[in-house]
Amino acid sequence: MGIVIRGGTVVTAEQTQRADVYCEDGLIKAVGADLDVPAGTETVEAGGCFVMPGGIDPHTHMELPFMGTVTTEDFFSGTAAGFAGGTTTIIDFVIPNPKQSLMEAYHTWRGWAEKAAGDYSFHVAVTWWDETVRADMGTLVADHGVNSFKHFMAYKNAIMADDEVLVNSFQRCLELGAIPTVHAENGELVFQLQKKLLAQGMTGPEAHPLSRPPEVEGEAANRAIQVAKVFGVPVYIVHVSAKEALEAITRGQDGGQRVFGEVLAGHLLIDDSVYRNPDWDYAAGHVMSPPFRSKEHQDALWRGLQAGHLHTTATDHCCFCAEQKAMGRNDFTKIPNGTAGIEDRMTALWTHGVNTGRLTMNEFVAITSANAAKIFNLYPRKGSVSVGADADLVVWDPAATKTISAKTQMQKVGLNIFEGMTVTGTPAYTLSQGRIVHALGESRAVRGAGRYVNRPAFPTVYEAVKKRNALNMPTPVAR
Amino acid sequence: MGIVIRGGTVVTAEQTQRADVYCEDGLIKAVGADLDVPAGTETVEAGGCFVMPGGIDPHTHMELPFMGTVTTEDFFSGTAAGFAGGTTTIIDFVIPNPKQSLMEAYHTWRGWAEKAAGDYSFHVAVTWWDETVRADMGTLVADHGVNSFKHFMAYKNAIMADDEVLVNSFQRCLELGAIPTVHAENGELVFQLQKKLLAQGMTGPEAHPLSRPPEVEGEAANRAIQVAKVFGVPVYIVHVSAKEALEAITRGQDGGQRVFGEVLAGHLLIDDSVYRNPDWDYAAGHVMSPPFRSKEHQDALWRGLQAGHLHTTATDHCCFCAEQKAMGRNDFTKIPNGTAGIEDRMTALWTHGVNTGRLTMNEFVAITSANAAKIFNLYPRKGSVSVGADADLVVWDPAATKTISAKTQMQKVGLNIFEGMTVTGTPAYTLSQGRIVHALGESRAVRGAGRYVNRPAFPTVYEAVKKRNALNMPTPVAR
Amino acid sequence: MGIVIRGGTVVTAEQTQRADVYCEDGLIKAVGADLDVPAGTETVEAGGCFVMPGGIDPHTHMELPFMGTVTTEDFFSGTAAGFAGGTTTIIDFVIPNPKQSLMEAYHTWRGWAEKAAGDYSFHVAVTWWDETVRADMGTLVADHGVNSFKHFMAYKNAIMADDEVLVNSFQRCLELGAIPTVHAENGELVFQLQKKLLAQGMTGPEAHPLSRPPEVEGEAANRAIQVAKVFGVPVYIVHVSAKEALEAITRGQDGGQRVFGEVLAGHLLIDDSVYRNPDWDYAAGHVMSPPFRSKEHQDALWRGLQAGHLHTTATDHCCFCAEQKAMGRNDFTKIPNGTAGIEDRMTALWTHGVNTGRLTMNEFVAITSANAAKIFNLYPRKGSVSVGADADLVVWDPAATKTISAKTQMQKVGLNIFEGMTVTGTPAYTLSQGRIVHALGESRAVRGAGRYVNRPAFPTVYEAVKKRNALNMPTPVAR
Amino acid sequence: MGIVIRGGTVVTAEQTQRADVYCEDGLIKAVGADLDVPAGTETVEAGGCFVMPGGIDPHTHMELPFMGTVTTEDFFSGTAAGFAGGTTTIIDFVIPNPKQSLMEAYHTWRGWAEKAAGDYSFHVAVTWWDETVRADMGTLVADHGVNSFKHFMAYKNAIMADDEVLVNSFQRCLELGAIPTVHAENGELVFQLQKKLLAQGMTGPEAHPLSRPPEVEGEAANRAIQVAKVFGVPVYIVHVSAKEALEAITRGQDGGQRVFGEVLAGHLLIDDSVYRNPDWDYAAGHVMSPPFRSKEHQDALWRGLQAGHLHTTATDHCCFCAEQKAMGRNDFTKIPNGTAGIEDRMTALWTHGVNTGRLTMNEFVAITSANAAKIFNLYPRKGSVSVGADADLVVWDPAATKTISAKTQMQKVGLNIFEGMTVTGTPAYTLSQGRIVHALGESRAVRGAGRYVNRPAFPTVYEAVKKRNALNMPTPVAR
């Protein structure tokens, strides 16, 4: 039995048009005015609403193992919270320990994710290097639908990828047609700043941003981008929070390079005053890396998003409860890093992006859904409202308003970084695979209904990259 | 009777897919694999080819009156030459004399254009200012499908718009939901440099670029963009040729402003050595404004196009024959400014853009067609391959090769600025309004078949602009 | 009879050294450790103090005629207030009315200035253009020691220099070896914004900064610099207040151009919140052009000063009392523009520049004295502590502290923009022409003791400029 | 017995004046017009000449041990060649092997240097890290007149300093009041590019620049500067050759940081076409790191020098003969890196800097002498023409002309990178310690006459740096 969304205005990254959308078998079957639909078709009334592709959050950490425990949000609860916010697809991370087999880690995460209510995929982290890693990367791309690999430039003595790992892995990505992604913070600097701050008696969460100043991020972003440039590899920088990193991205793009940037809703909207809040739990609850920054950086990020230097928005959804955060009560370096947001990303961005005239609605779809789909080669299956696409849709009510609060959220975490923010424009209905999974504030998420989404290698950008690199092959001088 | 394009790969700004395209009544009726079509449908075999939206050239001057004569290319020959190159829509310019009524000029140009073979529209120039100009702008937008107005910052003592005209007209555009466009060269500087060069005995065409150095363009572009910023108006800079102008555009965009940039195929591919050619006719044949620049500027323009700072490509197609050019034999300031290009734009950009890996095919469609359609509010009627769109299509053979020459061109002018360039990737078939208008090198253009295309006011960008300006309204201090 | 300054540390733009300074006949006669001096020499004990060249304020408006009255500070009171703050030389402005002879205006100002207590010189404004202006510029340079000409890009319908004036005057400056200086604000934009704001009911001083936003200044600065570049002329931008203008200067310098920038102490230290003060007199008292800006601009100006993009600091000292300001009570465009500062410039910059580690002491001397002397060709007569130089010195007590207030100032104006600022580091003694003119808070200024200072043409920068321009001469193609 | 330089024009970084210079006991004793000098004083006639401070080359490698041999130029021949070119002081490098004691290496170099004809000092390289290194740095500063430490970011598996070494050493420099200097190339990238190029069959010297593209340098420069910023340390980048590195420096400076840049005469004047010369010896003779670059980079370097972003000029004088270069005949990575230049630096820069109008003469003195003296705390002992300064002087004949050639040079190396360059403006006389050491083309250098020059810690810049860092100390939140 199908479902039809009637009377809405379909908004995609390209255009805005009055149209009905008919879905069946999990797919969009028709888009057009006054569609004829089979008898028995369920109807969603979308008058006054916008019908948009479901959001894609390309950066989440559900059920992440950490210090003998796991984040409080699992793949089911997390994807269900995503539905509440209009997000229907996540790309999470497989993070092997150094020396751990990538394949083994991958299968572990696949197991955990089976409970997901919404569709999901995985970036796989490269945290070390040897020939088995190189081989496993090949297997993951060829046989397991992975087309992106993550590199942490921070977290020295743990999962940090040094220049040797970066250079090897980036070259391997180029061979495989995969996108290297980078958490850009200079791990050595963080390590030494932490030491210095603790030595200065700075043990509280207010030291966290001081241990990771913008330069630490800008340096690493620039380094990753230069490495990519030297080998002709496209590169994607996750959670850009500092104008210095944005500038490094912009320089790369303006120099003809293929560089993609992701920004978190939190970094766009929260500033670093939270770390000097007298309430330790509140301050610690905002500890994440990179940290929230001053307003100057927020302004820069918004402009970067408007100008197209940043392509995607995410959350880095990674939930730790107050008890977990309290592990770092006497030492800020031991506070688990992470904040939530998957439930609020789209409404917060609509309110502060579309309602303020920073973004058009089409740009909103691009940065919440279509661009991620294109970069990670899911388009038009995801990120579009077109015949044949997955029926992942959100019916958006631009007039609906609410105040965000941890008290009323689905997210499994005690603190909401957007607490008290009044938003205008929220999901009325969310559809995943052609089924209503969230309706007028009520969850209809089904445990295990989510599917693993294969992402083919060689996204469009590679078409250009390969030609460019071929033209740039060196030639010897005959002597 | 319909026509179906079979077996091709449809390439749009968003995606690439194997699909047939069925057209009828001048419109695209279906896009999909293995389409069922009515009996009697004409078939175009597109195996191995790409099917793309017909090109839009947003900057041409057909049949431009000049010094008692007119450019050699009229609306029929010019649009037919466009078909040969895959371009199916032009936006030309109505240029009133100072003190001439805008409405009168508009109707004059409409009359001339009736012979066009392809669809066309008009930017209208604002070359002076009073209340009738203000009123006529309103009439043109309300009743005549004009949504863009052109401003020449050069040509002192002729059609130059000084700051007073700019400021008035830009504010009027904002009220009307129209896009101001700008020819950015500081007319006072050009005037004084011409005088100085002539006084130095520099009378030949090699003085032309010296009278319009990059600073002259950069200054004007920056000025127009700042004027636009101060009043919150979107702005479009035509024929960006200098990196200084590109940088002004980039600064505007990176500062959150809505600025669009156009670049000519010629400025991307021809350098300023042409002006020092010992053959006067050759040098004079390349005289246009802004002039061709050094390779450093070409590199910058390509990077600006790749990075998305420049949105559209055009030709400024404006043909003068050798006799006309010879009017300036003893004084370079009297050489009529203009060069051709509508027939070669797409193939030259494909060869040097797509084949070199600078652009993906999707980006090629964006910069030759879709972006112009979006900015000037023709999308998705033009610039897309979608059901309901005008059936303006080009079937592109990526393997076909030829050498560009004035000897073999349709363009009515003796000199081709791309003379001798070997291109790979050319149109096999061009369709306008669902009819084949150019097939395998043979023109089937029909005089007068082209239609005037109305462009509605308030393109998408205005959705954001209006909200932004409303938020920025000043408030008095209560005292 | 001579005077010796004993036991101090001499600080110049180049170095810091323990040395005595012996002065006689208005000149420095010796600099060295433990100087032998003639019997009867007066001694100034400078233990614990720094001995620096007296400050040069290259931008003041003493006794400026305005709307039938004059600014409250005349050349005597103004230069005496300068002594109190360590400033011993001013460069004021001759401002002819449009159509008024430059020579006539020059002589008028020379007459007014005879009462000055300290040395002075004049920039002469070019407010219109014809052949007599060209000729008078030549006379002023050849016979009257003028080597700089001022251009107001603002003040439409009054003293505004449009592009035609700019281009003619800049070229004339180049012939004469003079420095063109520029008040950079786009007069047309100011004019139209004033009209628009008044139409919106914005009549109070809070509208003043809105009528002159940073873009207005950035545009004009960029334009002046591009004009200068095209003709190979050095250029000096007065009172840079906006980061956009600073960026235009920086671009010029980084492109190989000779561009100088001046910044006011006020723009470095006061922000635009003053205009929204509920007290009209207070807000109006801060009305000057360009207006005070947000903190973001202040930060940028400090960085520009540190990085060497800005060379000089000034005050634009231009005093209007509350009654004069009140002329604009119902219309902010009628509030006389101007604020004071000559008494506080050096101590405010020491406190916020040297004491904060933004500037070394040597850099402090450069930006308060030596750089102005070099640019305007007074060095080493002014701006140095060297044998043969004018004995204009300040003995600076880095430990002395005070709180700035209109109540305790010498400046003849009711409001001090630095009111309440506690400064550390103030002049203990000021010497002009080898005489103590201010000692331990007490003025010893002598009416009429100041001298007009001739500034020769062709300052050092012209040595390079002339060679560069000669190399860049165009050559015709032989045909 | 003294010596007087008569009738010349003294040019310093600050000013130009007609003056005689009298020297005695190795020091300047008087500067002034028509000096009275003791009977028996030797006279140098300097009519028509400029008298300037002797050049300082802050980057040389005399007698550098390498692969069991040493560079062909020793401290005597090298400093004598410097005299021929007007350079009277060098700062060379002590380069300990990893794990070698800094003190041991320092004393070894001191021994080698005893034969020097001119004054010299040493930067000491930090090539590894442990507590003994930290301690030795303290000893070198406290007891041995060292105030700068060098870090090689290139040369993986040899002397490369990784981030851990950088961060530790930079912090140590801050404690000691020393300046960290950096050879900025990313060693990992060089290593991998060398491997890749060899694997592609690129074994000749044309592969050398490809293994060290501009990004490799820009990345490292940016990284070093960010590390310095995070800890508030001033930093000096040696041999800046790429615009990317210059831009990193400029960003640092414009952000308020204390960053110094050095550029080699070779990088300003030689382009990378040398590496594709069909003569292997010629190409290999130009192998140095960073390599010579394309003209675009040269232009950027000149502009950086003019704009004050680069402060010093050097040579990296490091001579290998053709036999030594031939060690890399089958593998470009084995060609010893280094080129000569100390004899030609000043005349080449005068010809292409002063004679072209890029630099004034005062700026020439700044970038060849005074700035190095200020940065490395030798001013005014070196770098000035002032009473009490070392009598290291060059009498410069601006009219003298010659053609540079290896055949006629003093430098002990077979190839001159400036071969065939005609220069105008050369030293007539060079004085060191008040003695003529080179006169009208004839060397009078004395083996062992040079002195080791102590450089005190805490150069002027530290005055500001310390205050700034104190203000930036973090404060905990009371909870």
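To keep things simple, chains are lettered A, B, C and D as they appear, and every chain counts its residues starting from 1.
Everything below uses one rule, namely that contacts are C-beta pairs under 8 Å (C-beta built on N, C-alpha and C of every residue); 3 or more make two chains touch, one makes a residue touch a chain.
This is a predicted model, so every value here is computed, not measured.
Chemist: I'd like to verify one number: the distance from the centre of chain B to the centre of chain D, where each centre is the average of its C-alpha atoms, in whole angstrom.
Modeler: So the centroids are 52 Å from each other.
Chemist: Could you state the distance in Å from the CA-based centre of chain A to that of chain D?
Modeler: 48
Chemist: So, what's the distance in Å between the C-alpha centres of chain B and chain A?
Modeler: Taking the average C-alpha coordinate of chain A and of chain B, the gap between them is 38 Å.
Chemist: Which residue numbers or ranges of chain B touch two or more of the other chains?
Modeler: Correct list: empty.
Chemist: Taking the touch definition from the header, please name the shape of the chain graph: line, ring, star, complete or other.
Modeler: Chain contacts: single closed ring, each chain with exactly two partners.
Chemist: Among all the chains shown, which pairs meet the touch rule set out at the top?
Modeler: A-B, A-D, B-C, C-D
Chemist: Spell out the residues on chain A that touch chain B in their complex, using ranges where they run on.
Modeler: 13-16, 32, 250, 253-256, 302-304, 306-309, 354-363, 374, 379-380, 384, 387, 460-461, 463-471
Chemist: Of all residues in chain D, which touch chain A in the complex?
Modeler: Answer in residue numbers: 162-164, 167-168, 171, 186, 188-189, 192-193, 197, 200-204, 206-207, 210, 213, 215-216, 218-219, 222-223, 226-227, 229-230, 276-280, 283, 473-474, 476-479.
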